[in-house]
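Next up: the structures, one after another.
Look at the two complexes coming up: chain A is in both, with chain B in one and chain C in the other.
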Partner chain A sequence: MAEYIIRRTLQMIVVFFIFLVSSYLLFNAIPGNAFQNLLLNPDLPPDAYEKVLKTYGLDKPIMERVQLYVVNFFKGDFGYSYKYYPKTPIELIAERLPRTLMLFAIVNIVAFYTGFLVGKVLAWRRGSKSETWITVTSVFSYTVFYPWFALMMLWFFGYKMGWFPIGKFLYPEKWYDAPWDSDVIFVLMIKFTVIISVIQFMAYLLTRGIESLTQRRNIRFGSLIAIFIGSYLFWNTGDALTKKPYAADIAYHMILPVVVVTIVAFAGTALLTRTTMVEVIKEDYILTARAKGLSQKRIRDRHAARTALLPVVTSFIFTIVTIIDGSVLTETIFSWPGMGQLLLQSVLEEDIPVAMATFSFVGIFALIAHLVADISYSYLDPRIRIKSQG
Partner chain B sequence: MGKEVLVVDKLNMHYETLDGPVAAVKDVSFVLNEGESFGLVGESGCGKTSVAMSLLQLQADNAKISSGSIKLEGKELVGMTENELRTVRWDGISIVFQGAMNAWNPVAKIGEQIREAIREHRPDNTKQENTQKIEELFNIVGLDNSIMDRYPHELSGGMKQRAIIALALSCDPKVVIADEPTTALDVVIQDQILKELKKVQNLLGLSLIYISHDIAVIAEMTDNMAVMYAGSVVEMGPTANIFNKPKHAYTRLLLESTPSVVGKRKKLRSLDGEPPSLINENKGCSFSPRCPEPSKECKNQELDMKLVEISKGHWADLCCVSCG
Partner chain C sequence: MSNNLKEQEELQKQLRKDALRKNWKLFSQSKLGMIGLYIVAFFLFLALLQPFLFITGIWNPAIYDPVVGYDQIKAELLVIECPKEYPTEKYESYSDCPGPGEVNIKKLYMAPDLKVGEYYDTFIQPAPPSKTHLLGTDSLGRDVFSQIMEGSQVAFVLGLLSATLGVGISTILGTIAAFFGGRVDAYLMRQSDLILMLPSLPLLFIISAFAELKVWHLAVVLGVLGGLGGSVITIKSQALQVKVKPYVDSARITGGSKWQILFQHILPNVAPLALLFMVFSVTGAIASESVLSFLGLLNIDMSWGIMIYLSQTDGFIFSGLDFWWLILPAGLAVTFLAGGFYLVGRGLDEVFNPRLRKR
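Now for the complex of A and B:
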């Protein structure tokens, strides 16, 4: 396994290198020599002018420039933002990434769970009236023109009903005298989410060996309650207590985008789960499970859905890759200042170093997601063995 | 012979199809005694699997038991709710399915899948007890304990089948149904599995229903047997009796079309024609269109299909009995 991961990582580096060179050449092909943009800025101090010229090798021929860029990239030097000089692209990304991650991690988790749940119930109730209606609804939300739908929801719930804020990720007036930057709060929220997920997952793993099903269920339920109490204590004591109102403000702003994107995103998972599971239900081992006298729920979850999970997880991991490019639309519609907006802005404003860095980030993300997909697939399906030579 | 474990009485089951109801099980009655092995034989499509599925009430969604009774140790199974049936399944009656190759869930370990069945019916067992039970079962069917942690795709067909038998025995069921348990295996392995099953049956005193289209296997495996044709039992009785004195023309033909394992060599006969459609209700002998030597009366019989006792415990279809 370790050998496989190393091999794949080496392959990924090669692929990434090709990706990097091609993106550089593509940006270079933009008419009007975008790379020179910064130099045209009359406010640029002469020493910065020299520095930029040298960092990017802007007076050198193209091949040398590519070489310089790639070498700098692997050294961890991404240059400076043309727009926000002297900020580096990394600083900009570091500021934006938590906001995007927070929003889309939650959307994806919620969408996956609801999608999987809806899909498996649909397959199980095949032929019933409710199945037809939910399937039709899912197909609608799967095929609806997303920007239109998002704007309609924004208009209705944000403007007409006034339940949710229209756009932005916080109320600026609330944050006017805030002792922290919004990033601090975002990072805290992300940490919190990750930690409770890990605890819940560990509780699940540890209880797997317990023979009595009732006992297993009770312990899992107990751990859930413990997590609730723990979170309550966490947010009501010490440092977190003072941060709570700000975190709540961000959470409030997140509700509408999370709901809207979830509605659009869950349907794909639901329909795929339904399709695979309808096939799985015909398998002989489902009949065996029924003959064993297992409960309907256990047959559905442990036998039918468990096998149907394989293609669903793969497809899901690949859609994670689209988080960042998909976020361009969402973040624009909901005025959410995340990675998507950064990407869009930097391209429009020809802020090449930032655009390049953002693209590279998406590229790395995609490559890692593929690797994760392969590895998790081999864990989910014992028939697929990752051979060290394979 | 022990007491009666399973009593099936005038069981009728049909499949609802677009062309009308397909009567797959017609007035089937038989008794399975404790520790006995009962054979069900007939050509493909005669309704053997339908009988087996009706016993566990695991029929396809379009199947319906229209009348009859199935009593397991005196308890009526027909008309039970799904939850009541769940307690009967595997604990009361377990089954080795036809084509059991695919009976294992590909993504769970063999041991885990057996454990799951025991856990369902013996919720108070400890992990240790269950592991021990599975090891015992593996020992009985001739499997290594390490199989427990293997996935189905890591086993050969024969091993999977042995494991399936272990699975079927895991809750010490009162009745085990084996529906053509060897069809997917090669001949050598088939023989091994049969021997294993026979051994296990004797060892544990299983009450076994053995289903096969191969009358020679039935001869080897069973004490009593029933011959099915087009959904009905046409002849039933002690296996030895039926082999020595087959009464029904269909049984005779089945025997003559099978290479003999016991007795002298003889010329094989082939069985021509197709079984009748099960959609239409036919009166009289359903075998008459294919019968090689029907007498005059057979053709225009109006008698209902009905079994009569011709010697002690040996029953045959009234039509065939009356036309000689």
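Now for the complex of A and C:
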């Protein structure tokens, strides 16, 4: 195993190097010398211009530029954003990343949980009328043309009903005299969400061993109530109390995007769970469980669903890889200034240092998560063993 | 001797026919799969109907052309004067005032002779659905139904072409990776890592910045990117299962060459899954085309994505359902065709994977 990880890491470094060079060349292929954009920024002082020109060799031929870029990249120097001059790409990413993570962490947790539940029931009620209807609905929300659907929801709930704000992630007028950056609030909210989900997950894991189904459910329900009380106390004491109105403002802006993306995202999980469950139900040990006289629910939840969880977990890991990529469209439609919007704007406005930095960030993220997915897969499924070959 | 060969050929033909009939029977048992097939057939019919209507002259291209056609819909509007205070007997609020078939006199500064109570002749665009235009016209006086037909042509060409190309590439590469293993496998897997690392939508933006993307080009780009990316991994895992089957071993023992085993024994057994994969990836290709057109990045005259893009940039999407014929048909067409292909894929899944069947 250790040998496999070392091999993979070495390969990953090579892949990343190729990725860096090829994306640099790709940006360079955009017509109208993208690097001259530097000149067009009036905020740029002349000495800074000279400095950037020298460190990145922008007046030199392409191969030397690539060399310089790669060398600077591994030194940790990503240059300055052309558009937001004094800021570096790293600062921009650090500013935008919490917003995207907040939105999509909640979406993915909710979508995978509900999707798994729905898929489980779907496979179990095979052939019934309710199965057909739920399947048709989930296929519709799986294949619906997402931007169109999101715009229709925006129109209905944001414009016609006026329940939710249209776009943006806060009301600027509420934040004029705010003592904090919005990012401080975002980080606090992320911490809060992560702690809550970890507690609930731990409760789930701990109660797994309990035999009685009703007792197990009661304990899980109790932990949910405990979380509610705990979060009420958390938001009403000390430091968090002063941050509460701002967090509430952000949360209010988050409702519509979260709901819309969840509706679209949960169906994929539900359909995947259904397919694996249907296959698992044919296995012999389910027949054994039935012959033993176990209750339907117990067979469904404890024998079939556990095996069917495996591909869902893998697809969850792969979804985390594509969070930033997938956020591009959502953040454009809901004008949510996160990583996706940064990526899209930097590509469209040819803000090359930022675009390269975000591209490589996404790339590193994807590579590491892919490795983690492969390793965890071999742990979760004993049928798959990684041999010491590439 | 030749007679014998002929008999053998006929027997093979018969066997193939029987297998097809059996598979069709299995497929037609799945209700949702059949619904999907009907949906796909309906859109195929729409795609083929449009050139037929133009050739036979039932539709005049000057009026019904999806891109350059133009039709004036005449309408008589009653000239009224909006009240200053609401609610009145006729109108509940400010936004109700020029009701259907009416026009506010204050808007008629171009025709100062008209008085309240008279009729005002005008051309309305976008025009609501009528007998001549089944789904109305858009804001430039073009027939929406004809645009839907053109859009389904684009969707079929693009979806099928990119799916075939992508699945062709990934099937060959996936089986090679599974069969040879070792360095070849490692190289192909890292290559698909590389493709998966690139964020897809921004990548297509960059490509559309330096290359004029038409339907064919986009189909090739989507096909190659899809074929080199994640689907290689899926096909490889399937081919690995085929590779350890006894008949592959016996082929090796009887002295089959590597390529022969690869192409005659492994590839045909991976093919059903590849076909399934192809049907599912049509869904993705249609969605990507619509997203790119929706963002206004493609060099295509007309497609469903462009219809939604136009209805959004013209501001009709937030006008609610007053102009439903500009908003609903295109969005629903994308959704239904993608959903149709998905359902067909599900039906095929039950044919190829016996463990998914009911009995």
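We take it that the second predicted complex is superposed on the first by the 347 of 390 C-alpha atoms of A that agree within 3 Å, B and C clash if a C-alpha of one lies under 4 Å from a C-alpha of the other, contacts with A are read in each partner's own complex, and residues count from 1 in each chain.
By definition in this document, contacts are C-beta pairs under 8 Å (C-beta built on N, C-alpha and C of every residue); 3 or more make two chains touch, one makes a residue touch a chain.
Treat the numbers as computed from the prediction; the structure is a model and nothing was measured.
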item: Combined model on chain A where chain B meets chain C, clash or fit; value: fit
item: Touching partner for A:145 - first (chain B), second (chain C), both, neither; value: second
item: Chain B versus chain C as contact partner of A:330, first or second or both or neither; value: neither
item: Contacts of A:100 with chain B and chain C, given as first, second, both or neither; value: neither
item: Chain B versus chain C as contact partner of A:279, first or second or both or neither; value: second
item: Partner chain in contact with A:211 - chain B first, chain C second, else both or neither; value: first
item: Partner chain in contact with A:307 - chain B first, chain C second, else both or neither; value: first
item: Greater residue coverage of chain A in the superposed arrangement, chain B or chain C; value: C
item: Chain C, chain A and chain B - angle at the middle CA centre, rounded to the nearest 10 degrees; value: 80
item: Partner chain(s) touched by A:344 [first = chain B, second = chain C, both, neither]; value: second
item: Lowest inter-chain C-alpha distance for chain C and chain B in the superposed arrangement, angstrom; value: 10
item: Complex interface listing, chain B residues touching chain A; value: 56, 58, 82, 85-91, 94-95, 97, 99-100, 102-108, 115-117, 119-121, 123-127, 130, 151, 153, 167
item: Chain A partner contacts - residues on chain C that touch it in the complex; value: 31-32, 181-183, 185-186, 189-190, 193-194, 196-203, 205-206, 209-210, 283, 287, 290-291, 294-295, 304, 308, 312, 317-318, 320, 327, 330-331, 334-335, 338-339, 342-343, 349, 353, 355-356, 358
item: List of chain A residues in touch with chain B within their complex; value: 209, 211-214, 283-285, 287-296, 302-303, 306-307, 310, 380-383
item: Touch list for chain A against partner chain C, complex; value: 11-12, 14-15, 18-19, 22-23, 26-27, 29-31, 126-127, 132, 135-136, 139-140, 142-149, 151-152, 155, 159-160, 275, 278-279, 282, 321, 324-325, 328-329, 332, 343-344, 347-348, 355, 359, 362-363, 366-367, 370, 389-390
